[in-house]
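Some structures to go through are shown next.
Across the two complexes that follow, chain A remains constant while its partner is chain B and subsequently chain C.
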Partner chain A sequence: MDLAIALALQIVYGIANLVLISLGLAIIFGMMRVINLAHGEFLMLGGYTVVISTNHGVNIWFAMLVLAPLVVGLIGVLVERLLIQYLYGRMVDTLLATWGLSLLFVGLVTTIFGAQTETTISPPLGAISIGDYSSSAYELFLIGVTVALLLLVWAVMKWTRLGLVARATMQSDDMASALGVSTRNVYMITFGLGAAISGLAGGLLAPVTGVLPSIGATYIAKAFITVISGGASILAGTSAASILLGGINGIMSFLTGPTLGEVALLAAAIVLIRLMPTGITGRFFRKSL
Partner chain B sequence: MNWSRENRWRAVIVAAGVLFTLAAPSMLELFTIINLSTAIALAILALSLGLIWGYGGILCFGQTAFFGIGAYAYTIAAVNFGGSSWAILLAILAAAAFAAVLGYFMFYGRVSDVYMAVITLTVTLILYSLLRRTSGPEYKIGNALLGGFNGVNSPPLNLPWPPYTPLYPEHVFYVGMAVLIIGYVLCAWLVQTHFGRVAVAIRENELRAELIGYDTRLYKLVLFTIGGAVAGAGGIIFCNGVGRITPDVFNLYNSALAIIWVIVGGRGTLVGPVLGSFALFYLTTWLGTQGTVNNNLVLGLILIVFVLAVPKGILPTFISWWDKARQRRSMQRRELKVRRRRGRASLLEEAADEK
Partner chain C sequence: MAFDRRTFIKGTSVAGLTLMAPGIIGRAKADDKIRLASILDQSGGLDIYGKPMANATQMAVDEINAAGGLNGQQIELINYDPQSNIQFYTQYATKAATGDKAHVVHAGITSASREAIRPTLGRFQSLYFYNTQYEGGVCDRNCFCTGSTPAQTVEKLVPYAMNKFGKKVYIIAADYNYGQITAQWVKKYVTDNGGEVADTEFFPLDVTNFGPTIKKIQAAKPDMVWSALVGGAHISFYRQYAAAGMNKSVPIASTTFGVGNEHKLISAEEGDGILAAYTYFQEVPGDNNAAFVKRFQEKFGADAPYLNELATRSYEGIQLWAEAVKKAGTADRMPVIEALESGISLAGPSGDISLDPKTHHGVLNVYLAELKDQTFNIVETHNAQPPSDTLLVCDLQANPDQATFYFENGLEAAGIK
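Now for the complex of A and B:
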């Protein structure tokens, strides 16, 4: 029984982890049809923000929950203004340019902070025990944050004016701009918000994974594969794909070890894309957010 | 045979390659020659990506997967067989077969090009994390230990069939140049055949090509497989040039490099990517010795600048400038001729009037 609970918790944490690392990407992809290959570096920058500000005496919670999304969100807006806005409608070029951006960020951070970081921070909460097994309370906290984040995005999309305008732009940007919506601004804000959520995720994961300039590469394959198997709907797609892929990953990791679990996740996703090229929400839950 | 302008250029390029192969060993130092064989291997990789992306429009972000599979297959087979002849064959076949399976998955699933890019990249990263894990003694194929992130030592190439006479490292340079030149000739021939022209038609407009009656999936699959085979051959040269093969061939940095060569050199040409790979090889080596600027930083900047400012790549841009300049010159010449003729005619008229 204890084993079952511990295992279930592990799988739920795996799923939450997937949602967390891919939500920012999903927002940008779902809204703007832009695949941001620099997504991993947004997460990395979030992590650096937290580690550096904590080392300078900033409260770790403030650094994770406020500073990381703020800094990376601003970087996102800057990137959109300087680079992405010239490339709308040219998906392949966007892909290439954001890959260049990803290399650029890795290079910049390596130049400034070095290839390794000496200082890491430890997860702020202690351990909790489930019978004979123990689990980190921080993992539970991350699950909670992920659920809260999903609810927040859903509420914003559903009930605020910004969400309404964003959904309209997503459905038909020509019509939206004909009705007086500045789609330019909507895209800029969306990109900034997506980047901010990526920054938040990177900041929250920094105590667990540590930070390195090249850490983005470890997230990027999983984030992409989740978003693409999820399809165009931001919330439903990301959640459905995360549950499916995170479940496979968790079960396979339990049976055979962590690396094979990750391989199973990626292989399952490729088969899924072969079967449903437009993602899960291309076939099911089409009307969902 | 009708020697079009393209073919004349191709002949010049091949001649230059042969001349370089013959002249380089007597002009350059041994160290440079050995270093060059690695660059040549990467150039073969660039050629293969230039073929499938530049001519087939197949956006493959994981061309290094086939390159690495060729290198691994060669190494493992050569360790087991004790000679390189069959290993070479097997390696090229393995790379082609992997490309064929992956290609079948993507083309027959009608995956769009952006998704294709992500899938190929993901496959490469899967191989990376899979092979990094193989460090224990239980991971071996025949006699070859996979060795995790330390990789495997590659046995040297030898003269065909009996495995007694291994080639020295400087000879790998000749083999590499031979593979590069032959590969170039084959690719250049391929894009001129009916098959190649259909591939270009699919690149330009897949729907139209399909409506005309071509099975675009099959054409893309065959082209992709050929590209995989060429990349696999490059992998063989690579592990011989370096002396070992590690999972690092599959990492994100190398995938990005391959893309950058083609972007910089130019899509729709075969020489462009090859030259791009040489240029960037020397640039990154030089930056490595300088140690002041980070490689990633420079490569990222190059990629962004090219996508924004020179999206066609250097060679096609240069060719179109050249063409325009020539057109302008020939037009000026023609105008001059016309004016001169007119001038003469008016002189004659004046003369006639005077009479």
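Now for the complex of A and C:
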């Protein structure tokens, strides 16, 4: 029984983890149809913001929850202004440009901070025990943050003027701009928000993962698979795909080991895309956000 | 002459033309020089290993040149960066052997990269040095492996850790040839010492969520966890393990934790108590090592990386080769191989080491250490350890004409129980 609870918690955390690493990418892809291959590097930059600022004595919570999204969000706005805005509607060119951007970020961080940066942070909040088993309280906190983040994005999209304008631009940018919306600004803000959420995710994961310049590469594939499997709806798609893929990965990893866990995740994604080429939300929950 | 992007930028921006000029003059009479090619990943995921190795390589060559070179000849270092990509390894190895006509190639970090280039260098008869710790079993007249093997490190650490922690061991390892074969060695030594292996799990190199495995470890209730995890993503394991409070109850021993300077990338709280075994730690006592560490830090500044086994083996690998070139009186391949096989030795930073003529592997000093506050404290020293794993299968003196990797298909295939 203890094992069942501990394992269930672990699987929920696996799902939350997928949502966290994919949400920023989903926003940028879902809203703007821009495939951001530098997404992994946005996560890495969030992690670096936390490591570097805590090394300089900044409080870890402030670094994770405020600095990481702020810094990476600003970088996102900068990237959109200097690069992405010239490439809207040119999918292949954007792919190439953002891939180059990811190499640039890895190179820049390596040049400035070296191939490795010493760190002093460890996961805050200690461990909790469930009978014979113990879990990290920080993982519970991450699950909570992920749920809060989903609700926040949903509320912004649903109830604020910014959300309304963003949804309108997403549906038809010509019409939105004919009605007086500055789609240019909407795109810039959306890209910045997507980057900020990626930065937040990278910052939150910094205490439980290794932070290295090249670490982005380990996230990018999974984030992509989740977003593509999810389909066009940002929140419903990312959540549904994360639950499906994260669940399969967690159960298989426990039953057979991590190698087959990864295989099962990829196999499930392939089958899913074959059956539903437009992703889960191409068929179900089509009207959702 | 090959410039990779980074050396090019460094060369031009820092030193400008003043540094370039001797390079150009040097190339004009390149025939007077001994050419040493180095192929190490200095960018991409493996740069945490490759950069310190490349630094140490540079330092070894600079020091030999400053001391007047070898037999009156200067060494020209030809530096390649394969960018953590196996494809570039074969390409650069071919270039080093045929284009540069290098007298010696010091190359390779992962076992996969070594096996990609070893046949190429053998075919072109380019003397090859592999300076990384690995799973053992290479038996090749053309190849010298100066890194430690499991019989040197794992064999010593297993009984020490089992005495300290208990006999039930849970093994976790990276999912490629090094991790797979090392896990078999760990299992063998655990069983030989009367212990039992609770379970063995392998992880693809990009796994960052170790939650399900940590739950399995809790369910299996082992006395200790043995880690042969490799690379940046796997650092997550040590952090998540500590976050679940496990580092307090089930300690970790490893012969891979530390070569990527993992102990600096996790906090003291998370790492305290981890046991490791290598043939070199920066903390090794002795004047030789103190001077070596000082020179390294002076050369590469305050940000110089922690010196680990990989960097020091790269340095000592070049020094061993240099000793042989001096002894042979030439840098030509066969005389140097014969000199290397004559039981050549060196008083290096890691202590007195030598080369075993039967296997072309190092006879090395092994240090066991415990991590405390991001620093390794040496707890046991075993001097002059032979590569007894490779010695089980390899005798290049009886049968020099071979280029075999005996452990390619695991230990059982090599007849080791």
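Throughout what follows, the second predicted complex is superposed on the first by the 288 of 289 C-alpha atoms of A that agree within 3 Å, B and C clash if a C-alpha of one lies under 4 Å from a C-alpha of the other, contacts with A are read in each partner's own complex, and residues count from 1 in each chain.
The rule is simple: a residue touches a chain if its C-beta (ideal position, glycine included) is under 8 Å from a C-beta of that chain, and two chains touch if they have at least 3 such contacts.
Since the model is a prediction, treat every value here as computed from it, not as a measurement.
In the superposition on chain A, contact of A:Glu262 is made with both chain B and chain C. After overlaying the two complexes on the shared chain, residue contacts for A:Tyr133 are found with chain C alone; chain B is out of touch.
When the shared chain is aligned, chain B and chain C each come close enough to touch A:Ala221. When the two structures are aligned on the shared chain, A:Ile5 is found in touch with neither chain B nor chain C. Look at A:Leu101: by the touch rule set out above, it reaches chain B but stays clear of chain C. In the superposition on chain A, A:Val211 makes contact with chain C only, not with chain B. Chain A has more of its residues touched by C than by the other of chain B and chain C. Legend: residue contacts after superposition of the two complexes on their common chain; A:Leu151 is shown touching neither chain B nor chain C.
Residues 106-107, 110, 217, 221, 259, 262 of chain A are contacted both by chain B in one complex and by chain C in the other.
Note for the complex: chain A touches chain C at residues 3, 6-7, 10-11, 13-14, 17, 106-107, 110, 114-123, 126-127, 129, 132-136, 138-139, 207-215, 217-219, 221, 250, 253-254, 257-259, 261-262. Note for the complex: chain B touches chain A at residues 59, 105-106, 109-115, 117-119, 121-123, 125-126, 129-130, 132-133, 251-253, 256, 259, 263, 293-304, 307-308, 311.
Of all residues in chain A, those touching chain B in their complex are 35, 83, 86-87, 91-93, 95-97, 99-108, 110-111, 217, 220-221, 224-225, 228, 259-260, 262-263, 266-267, 269-270, 273-275, 277. The touching residues of chain C, when paired with chain A in their complex, are 43-45, 47-48, 51, 84, 175, 201-204, 206-216, 218-219, 232-236, 239-240, 242-246, 260-262, 264-270, 303, 305, 374.
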